[in-house]
Structure formats: structure tokens, C-alpha cells
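Two complexes, one shared chain (subunit A), two partners (subunit B, subunit C).
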Partner chain A sequence: MNFQMILESFPTLLEGVRLTLELALLSVSTGLVLAIGLTVARQSRFVALQLLAKGYVFVFRGTPLLVQLFLLYYGLSQFDAVRASIFWVVLRDPFWCSTIALALNTAAYVSEIIRGGVLSVPSGHIEAAHAVGMSRLTIMRRVVIPVAARQALPAYGNELILMIKATSLASTVTLLEVTGIARQIISRTYAVFEVFIAAGVIYLLINMVAVVAVHVADAWLHPERRRPPNTMPVRNA
Partner chain B sequence: MTLTLLSFGPGGWGSTLLIGALMTIAVAVTSFAFGLVPGALAAMASRSPHAWLRALALVYTTLVRGIPELLVIYLFFFGTSSMIMAIVRLSFGYGGYIEVNAFAIGVLSVGLISGAYSAEVIRGAIASVPKGQVEAAMALGLKRWVIVSRILFPQALRVALPGLNNVWQTTLKDTSLISVTGLAEIMRSANMAAGVTHEPFTFYLVAALIYLLFTWGSARLFARAEIFSGRGLKEARP
Partner chain C sequence: MARSWIISLALMVPLLGLTPAAAQESLPDPVRIGIEGAYPPFNFVDTNGEVQGFDVDIMNAICAAEKIRCEFVIQDWDGIIPGLQVGKYDVIIGLGITEERKKAVDFTDKYWATGNRFVGRKDKEWDYTPEGLDGVVIGVQGGAWQEAYVKAELPQSVMRSYQTLEQAYLDMEAGRVDLVFSDTVLLFDFLNSDRGKDYEFKGPEYDDPKYFGTGVGMGIRKGENLLRDTISSGIRKVRESGEYKKINEKYFPFDIYGE
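Now for the complex of A and B:
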């Protein structure tokens, strides 16, 4: 173990942080939009849409992300039609393939999280909102979404961390994000433990930021937990 | 896409894929079972009266759950052989390259990852058994081991099953990452076949279908186990 080596590998590894964050942020945001679409499809009146959403979730949760990524990046190049199409610009690029694979994958998990949140809204709340004459959109905005978001946030926070960790798979399709660079340094210097510690600390720090962000969002979603404003400190007599 | 590539005859990759699929099951089951050991130990440690044991359990679960699985696998893949080589060099003076068995590395790394997630499940399950159950057993004069095996374990297992199912599914999918160490599980087999035949889509699709079959099948097994373990409870009846 060489402390100097840990410090020396830090700057090189930090060069990969940008790519790791780009992958995570892009795929998490696209995945969220996709997940909302999936949840809507799952609750729709059309059986075909329901089955499609159900099948999607089943397939993407039932197979490893690595297979999904390889199918997209290595697999699709097998077809001449794909290589000739306009999508080839995107599909031959490891960054876009990783982002798409990560987004498609997380969408399946997040749609289940959202569905759980929406189902947790008591039907009495919605009936009460109807009774006071709220429109469908207002009910969604003022009743369903706030309650569902509170319920879903802890699970969503877990998924965020899993996604940040999952960006490391992009190193298997030649991308040099933190794990890719770590592998490169290890194969050059054989300083396995030092590089692992440095890279591990970077991931732990990124995940810590994510955890704090989820905490902040949680506090924001729970206004009832906040201290009421303008209260005088109560002194126990 | 030609089906003859998937046949078991000459020129077909059927047997390679089948062996890969069996290897995936073997390494997944072993990793999951091995992971239950640190998982149970961490669960017990997190309920211990000693602060340092609780801290140890917290460090283990936080570290493993916060660092990418792939990085942990690289650590064990590159780390164990260099460590063993260093020990051998110091004690026997042999300076050659030593490769550690890929299966062992896979089980060690994926097992430790799986254990960190199992720990949470086991801890929650043990906490769910009412205190009165253990107190009643002690009042009856049952031995410690009997209390654990006859009172605590059966009741905790019922609560733990859904969570353990989740951990198992993740572990099964995580084994695909061991392919980077060269262990010929299904992902690696598909890699080899794709490289030789230049039909990556065909073989990765087959690999995906095999994983889907495994996750679907094991989910059904767990569902049956849940029904069985809840047979004494009214609400658990199907």
C-alpha cells in the first residue's frame, strides 16, 4: 500500500468524473420521462398499452444491464440496415449507447416506483378532491402527485445511487469514465488497492451528494415537518 | 441470423451456451449462499450492544453499496492474484505469475456485494419477530440454539423471503459482470460466440433470453416459497 500512489491517481481519476456525471444525469432524466410514460401506459384503459408497459418492465428488469448495453452497442451493428440508417451516428457512439441503455433500464425500475407511489394515494383523498369540485388536472397537481412523490422518494433515491454505480458499465464499451480510467491505471501500474481506494472515494462522494439531494427534496416535500415560522422559543417554566 | 449457429452439432454454439448458462446458475447460487454469511454476520453486528461491531457493519454495508459492482470485481480480480503473488514471492521466492481461479473471485466479489444487501433484509426480518416470542421461549427454558432455530429463524424467514428474492435477482444479474474476469458464464460464452461468428445480436439476445428465463423461473420459486412459509397465516393464503 502506497499512500503517495493514492494521491497521484486522484487527478487522473477526476478527469473521468465529468463523463460519469454526464452519463448519470442524462440517463436519469430521460429515464424519468420514459418511466412516467410507462406508468401512464400501465394505468391506461387500453389493454394493449397495459401489456406493452408490463412486458417492457418484465424484460428490462429481468435481464442484466450489461446484456442490454451489449445488445445495443455490439448487437445492432450486425444489421446492415442499422448501419445504413440515420440512427447509426448515434448507435455507433459508445456514449449515446450507454446513455440509452441506462435510460431504458432505469425507466423500468422507476416506473414501478412511481406506480407504487400513485397506488399509495388513498382513494378517499381523490374522492374528497372530486367532491370539492377540483378538475382532473388539479387533482393530479394538488393531490396525487405531492402524495405519490413523498411515498416514492426514498425508493427513487436508492435507484439514483444504483444508477450512479451502473454508469461504471460504460467502461465495458470503451468509455473512460471513472471505472474505465481506474482499470487503465491498474493495468499500467499494478497499484490495485491504491487506485481502488481513490476511485471508491470518488464514487462514495458522488453518492453522498445524491443522498443529501434526496434529503433536501424529502424536506421540501414534507412541509408539515418544518418548524412553523415566527415562533418564539418556548421556555420550560 | 441462422439457427444452425445455436445447434449442438459441429459449428453450433449450443453446448457452449448451455455450459455458460449452467455456470451462471452455479456462480449465482454459490455467491448468493456465500453472501448470506457476511449478510447474517453484519445483521447480527448491527444489533450488537458493542458500538464498534455496529460501526463495522455500517462501514461494510455503506462501502459495498456505494461503490460500483464492477469496481469491486476488478479489485478482487487484480487484487487477489497480486496479493498472493507477493506472499508467495516473500515466503518461497517464486516470482512468476499466479492466476487465481475466476470462479472463486466471482463468488468472493459478487457474494460480498450480495451480502451487503442481504444484511439489511436479514436485520429487518429479525427485528420483525416480536420480542415476546423470544422471551416466552427463554421462560420455557429453551436453549439459545433452539430459540434461534425453532422460534426466531422460521418466523424471520417468512418476512425475509420477499427481500431475499430481490437480493437473489440482483445477484443473478450481477454475475454477468464476472464475464470481465474471463469466467465462461453465459455472458462470456455469448461474447466468444459473437466474436467468432460476427453475429453479436443473435448471441446477446440468446443470453438475454436465458437470463429472463432464470429470473422469471426463480421468481416463481420464491413466490411458492412465500406461500409455503406463510401457510400458518390467514392472510398469506392464495
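Now for the complex of A and C:
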């Protein structure tokens, strides 16, 4: 073990952080939009839409992300029709392939997380909201979403961390994000332990920021846990 | 008193640790051979999960000539040297002999040596200089010596590193990669296959020893001289007996041993 080597590999590895963050942020945000669409489809009155959403979640949750990425990147590119289509502009690029694969995958998990959150809203609350004359939209905004978000946030925070780590799979389709750069340094220096320790520390730091962000969101969603504004101790009460 | 005793014991520990390797007198039985299994025609895994190829035939001939028992262990190229160092196997087959690697492992004599070339589509041509390859996408195998060459000598090109050469070919066929840079014999295998009919060798042959070393040998843990010398002697024996020539002809229509 060579501590000098760990320190020396940091600056080079940091060059990959930008790409890691781009992959994570883009795929997490598109994945969230997709997931909301899937949840809506799952709760829809049309059986076909329900089945479609169910099937999607089944397939993308049930197969490894690496397999999905390889099918998208190496698999689709074998068809002349795909290479001739307008999608090729996007699909020929390893960055977009990785982002799409990550987004499609996380959408399946997040839609289940959101569904769990929505189902956890007690029906009594919704009936009460109806009784006081709220519209469907108002009920959504003021009753369902706040409660569902609180329930779903811990699981969503978990998924966020998993996604940041999953970006490392992009190194298998030639992207030089943190793991890709780590592999490259290792192929030159053979310092496997040192370089992967440094890479691990970088992922830890990124995930630390993610954990803090989830904490802040959690505190914001739970106003009742905050101290009341008047915190002056009352003397001789 | 007690403290100085502990210190002297502590001083002895590294000595004890070194003794077995330094004074190694006997060969491991069986000798385990670390092999990638994804480098056809040198080594590849057949449909039964068995490793096959030039490397396997040569190694079996060497082991027979030296009367040792050999066993193959498949290992991804990324971890091939660390795997040797932690003792997953005793020999790496097919490791290019470079100054950089000599710091990490000892080498036997080479058992083959050929040059390196580009391969690309027949209907495209470039000027094979650093300026001429500006913006051209070059596919290489990650961790292979061609990667180091492109990085240092062709900085204006766009290099893509793949885990296997097969993936680089796939991306060349998909049009994501313009040229694949690798060992002449490996590329020869690709060009000779049905898939290779639209492709050809491009540019000159590269053999700068600074990047491409002095041939391909077997990597051995540092200091295991008996094992290293046994295998080097095995290579000489199969060369002299004509066994090498037979195996060579089975895979390549030209001599790959080099000078």
C-alpha cells in the first residue's frame, strides 16, 4: 500500500467528477419525470396503460443495469435501420446511451417508490378533504402530495445514492468518468488498491452531498418537527 | 528489557515474510496459468467454457516438455497483474514485455513478437500523422500498450478504450470508431473473418520498443527464478523440437516468433 499513490491519483480522478455528476443529475431528473408518468399510467382507468406500466417496471427492475446498457449501446447499433434513423445522433454517443439506460432503469424503481408513497395516504384524509369541498386538484396538492412525499423520501434518497454509484457502469462503454479514469490509471501503474481507494473516497464525498440534500428536503417536508418560533424559555411558568 | 525484545521480534517479521519467496526451491504443483480468455486467436473460451487458442497450445507444449502439471485460470485483463501478485495463479500468459511492467513482475523469454497496426474501412483513408489523425476516433483495448502509445503520441485523436478488442470491432462496425489500433496478428484474425471483408490494414507498422516492448512473454512474481527459468527453457525446447512451428501454422500463415 502506497499512500503517496493515493494522493497522486486524486487530481486525475477529479477530472472525471464532472462527467459522473452530469450522468447522475441528467438521468435522475429524466428518470423522475418518467417515473411520475409511469405512476399515473399505473393508476389509470385504462387496463392497457396499467399493464404497460406494470410490464415496464417488471422488465427494467428484473434485469441488470449492465445488461440494459450493453443492449442499448452494443445491441441496437448492430441494426442498419437504427444506424440510418434519426435516433442514431443520440444513440451513437456513449454519453447519451449511458444516460438513457440509467434513466430508464431508475424510472422503474422510482415509480414504485412514488406508488408506495401515494398508497400510504390514509383514505380518511382524502374523504375529509372531499367533505370540506376541495377539488381533486387541491386534494392532490394539499393532501396527497405532501403526505406521499414524506413517505417516499427516505426510499428515494436511497435510490439517489444507488444511481450515483451506478454511473460507474458507464466506464464499460468507454466513458472516462471517475471509474473509467481509475481503470486507466491502474492499467498504467498497476496500483489497484490505491487508485480504487481514491476513487471510493470521491464517490463517498459526492454521496455525502446527496445525503445532506435529502436531509434538508426531509426537514422541509416535516414542518412539525421544527422548533416553534417562540423558543424563549418561560420563567416562573 | 521486555520492550527491546518486542522490537527485535518486530524487526524479524519482514524477514520471516520474505524467506519463503526468496528461498523458493520447488515449483508449485500444479502451476496455475492466468489467462484472459478474450484475445482470439491467442486465447478464447469455447462453447464448453474451456480456454483454447495459440497460448493454450503453446503452454501445454511447454508444460509437457518440462514435465510439469499446468492448470488454466481465467482472469479479466484489468486485474491480470494484481491476480498474479495475490497468488490466484503463478504465471501470466501473453504479457507484453515492457520496462514499466518489469517494475511489477519478472518476465520469461518472449514467445511471440509482432508489430502493431491500424485497421479501418476500405473506403476511407487518413494521413497517419498526429495532425492527420486530428479528431479521428481510435479504438484500443484498455490497459494494452497501444493505449499508452495513442495517448502519448497521437494526442489530437479521440481515443476510446474498450474492455475487449471485440467491443472495439463492434463499435467500428457501428461507425462509432474510425480506426482500431492493435497487434497485427489479432487484427489479421479479424480481417480474415467474414466480418472483416470491408476492412483493411491502414498506415505503417508501429514497433517502438518504448511503448510496444520487446515481445510477449510470461509474467512471473518477482524473485521466483526457478519458475521463470523453467518456462524459458520450455519455450526453447518447443522452438527446437519443431512443436512451436506446428502450433504457429495451425493459427497463422506467417511466423509470429519474430527475429
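Miscellaneous remarks
Note that the second predicted complex is superposed on the first by the 233 of 237 C-alpha atoms of A that agree within 3 Å, B and C clash if a C-alpha of one lies under 4 Å from a C-alpha of the other, contacts with A are read in each partner's own complex, and residues count from 1 in each chain.
We adopt the following convention: contacts are C-beta pairs under 8 Å (C-beta built on N, C-alpha and C of every residue); 3 or more make two chains touch, one makes a residue touch a chain.
Quantities reported herein were computed from a predicted structural model and do not represent experimental measurements.
In this overlay on subunit A, subunit B clashes with subunit C.
Look at A:Leu26: by the touch rule set out above, it reaches neither subunit B nor subunit C. Counting residues of subunit A touched by each partner, subunit B versus subunit C, the larger count belongs to B. When the two structures are aligned on the shared chain, A:Arg92 is found in touch with subunit C, with no touch to subunit B. When both complexes are overlaid on chain A, the residue A:Arg183 reaches subunit B and subunit C alike. Residue contacts after overlaying the shared chain place A:Thr172 against subunit B and subunit C alike. Once the two complexes are laid over each other on the shared chain, residue contacts for A:Ile114 go to neither subunit B nor subunit C. By the touch criterion defined above, A:Arg83 lies against subunit C but remains apart from subunit B after alignment on the C-alpha atoms of chain A. Aligning on the C-alpha atoms of chain A brings subunit C into conflict with subunit B at a single listed stretch, 79-87, out of 79-87, 115-123, 133-141 or 169-177.
74, 77-78, 172, 183, 186, 190, 192 are the residues of subunit A that lie in the contact sets of both subunit B and subunit C, per the superposition on chain A. Note for the complex: subunit A touches subunit C at residues 74, 77-78, 83, 92, 94, 172, 174, 180, 183-184, 186-188, 190, 192.
Of all residues in subunit B, only 62-63, 65-71, 74-75, 78-79, 82, 169, 173-174, 176-177, 179-180, 187, 190-191, 194, 198-202, 204-205, 207-208, 211-212, 215-216 touch subunit A in the complex they form. Those residues of subunit A that touch subunit B in the complex are listed here as 58-59, 61-68, 70-71, 74-79, 161, 165-169, 171-172, 179, 182-183, 186, 190, 192-193, 196, 199-200, 203-204, 207-208. Only residues 78-79, 81-82, 100-101, 104, 142-143, 147-148, 160-163, 167, 170-171, 173-176 of subunit C touch subunit A when the two sit together in their complex.
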